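Letters A, B, C and D name the chains as they come in the text, with residue numbers starting at 1 for each one.
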Amino acid sequence: MSKPIKDTLILQTGGTIDKIYPQQPGAYGFEIGQPAMENIMSRISPGFPFLFETVCTKDSQEITDADREDILRFVVEGDQQLILITHGTDTMCETARYLVRAGVGQGSNFGPGVGEKVVAITGAFKPECMKDTDADFNVGFALGFLQASSAPGVYVVMNGCAIPGAHAIRNQNGKFVDDRDVLSRF
Amino acid sequence: MSKPIKDTLILQTGGTIDKIYPQQPGAYGFEIGQPAMENIMSRISPGFPFLFETVCTKDSQEITDADREDILRFVVEGDQQLILITHGTDTMCETARYLVRAGVGQGSNFGPGVGEKVVAITGAFKPECMKDTDADFNVGFALGFLQASSAPGVYVVMNGCAIPGAHAIRNQNGKFVDDRDVLSRF
Amino acid sequence: MSKPIKDTLILQTGGTIDKIYPQQPGAYGFEIGQPAMENIMSRISPGFPFLFETVCTKDSQEITDADREDILRFVVEGDQQLILITHGTDTMCETARYLVRAGVGQGSNFGPGVGEKVVAITGAFKPECMKDTDADFNVGFALGFLQASSAPGVYVVMNGCAIPGAHAIRNQNGKFVDDRDVLSRF
Amino acid sequence: MSKPIKDTLILQTGGTIDKIYPQQPGAYGFEIGQPAMENIMSRISPGFPFLFETVCTKDSQEITDADREDILRFVVEGDQQLILITHGTDTMCETARYLVRAGVGQGSNFGPGVGEKVVAITGAFKPECMKDTDADFNVGFALGFLQASSAPGVYVVMNGCAIPGAHAIRNQNGKFVDDRDVLSRF
């Protein structure tokens, strides 16, 4: 018998994936626009059930522990076991560790609403509005990983890899890697 | 301890995902261009090991059982447990069933080189060369699903769902669904 | 004193520029979708007045002299002096010559509603829905050419060149060139 | 007899059209990447002769009169009568006026190397690397306008309009308009 397709909670927090080019004269930086997830979903005709919620819409360098507290609350209070978080790349690993320390995905002794969750945190190196964005692939990878996952956990999902949150780091080339792989090579 | 990232074998067979607009005057239909996977991979800086092989480059209405025999041989002879096949949408389900009938992913009594494989067959409703393609998402979903999979099997991966090959059908809206879900709703 | 910005009549006839990928299972060729001009105009916030009309929506290999008669009627009956026609590449030159033979843009002795028109026929080698389309550039070039034109005429506008309709041909590389340039080089 | 296709000098100065998303961690704003013109030209197989030169690669808020002096020198010293300048939108009008005050395009009494030039200054509201960029259209419009132009001048080319440099302003909606049109409406 096949595993049924499970509900997924999708949380927006901002970051590169959601950035658009500023429209007013004289602006320098990027702005957060409408959720990239809306555009990605419109391209795929999703056949799976999901709920989309916005936690915040910030560049990830501006994400504070108060924002992470909000993210945690959405994760814990949601009925869904599977959770996708879109997030800026600069502090993706910090948010992953925050959730790990709170017991998210750390096993059944933390309770079904916390310890048994599977959380994939992803984003993009290039905004969804750009021609050569990695947003669609990353979101697809994260959702595919969640559907097939058999064990709880918090994962940073980038570069076609799902890295356990307790070990996710960004190397000097900007890629997300497992710190144990880095150490084991030296 | 984290599960190590596993090697993936990626097989090209053609289909919509690889189609480009014909360049010579007077042409009507689409042509198969260079593998869409090359463009998709160039956007994500893949951090996982993979081997890319071309089995054939056909519109999937032209895929024959001789082509499926070739696909099966690549699947069986590859060292990799995880296999992604890019394929045209029109006969994706037929190829999935062909592999299932040959024992691929059907359990350890078929042997490690056949029964323990995990195969995800995906493609696109719109070619990778189009602005609103679903190719990146679908390939991402399939690769994420493969990395997290804990049980062997053959899956049709489209519309953000991984459907067991023995039950994958295309409904009257053109979406890929599990035939048991269709039945259970009537 | 500046020349005022002139009204432009934009006529759709179909062709590669308007093609989309077929959405139903089993289809091979491209279909004509909604006018590419709508998408192009949405990207530029046009500051000039224009009227958009659809004459037909055909692959240009299927354009007949009856269709050209319809195009001619729109050209002659429109109040606008400036006319942009989007058209398939395969028979763009034939339509240009048809209009030239009818006196369009051939000077004031043909009357202001015919002889003084400036007509630019353009299209695309790759559909507007594709990532690397030439549609936006070609339409832009044609509209810029029309605004600055000081003499009537019918022009085929492709590859960043406006070629008089009586001399526009497609060379063996598929590029649009002036047949006098081709001759003068041999 | 047809007018021959004229050589065009294309000058890069930077601006939104050339901006890319920053690749290093922790960055906020956009960076200037490789010239957008290279990508635009690769999409159209240009059939006209042109020379491409880089004057500077700056956000247009940072363009100084020393940079404008450099732009003027390229304009005056080039053999070409037709000149396209890609430029940031914030100070496009200032650069246009600078060239007008120096006599560029202001008639034959300024000499053939200055007064008889036709200069089109264009750019983009959204970078060329974005899916819904206006860069291709704007550059196309500017080049088409230059090819058809029968009188010298300096023009700001945006929103499908070529506005004489002495009168180009940006209105409160961010669109480029002729200040005489604005005044005449009040």
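Everything below uses one rule, namely that a residue touches a chain if its C-beta (ideal position, glycine included) is under 8 Å from a C-beta of that chain, and two chains touch if they have at least 3 such contacts.
Here the structure is a predicted model, which is why all the values come from computation and not from measurement.
Participant: Out of curiosity, which chains are bumping into both subunit B and subunit D?
Facilitator: A, C
Participant: Once you find the CA centre of subunit C and the CA centre of subunit D, what distance in Å lies between them?
Facilitator: 25
Participant: Between subunit B and subunit C, what is the separation of their C-alpha centroids in Å?
Facilitator: Whole-Å distance between the two chain centres: 41.
Participant: In subunit C, what residues contact two or more other chains?
Facilitator: 125-126, 131-132
Participant: Mapping chain-to-chain touches, which pattern fits: line, ring, star, complete or other?
Facilitator: Chain contacts: single closed ring, each chain with exactly two partners.
Participant: Which pairs of chains touch each other in this structure?
Facilitator: Listed in label order, the chain pairs in contact are A-B, A-D, B-C, C-D.
Participant: Would you mind writing out the residues of subunit C in touch with subunit D in their complex?
Facilitator: So the residues of subunit C touching subunit D come out as 2, 5, 40, 42-48, 125-126, 132-134, 136-150, 157-164, 167, 175-178, 180.
Participant: Which part of subunit A faces subunit D closely enough to touch in the complex?
Facilitator: Touching subunit D: residues 16, 19, 21, 23-26, 28-30, 59, 61, 89-90, 125-127, 129-132, 170, 174 of subunit A.
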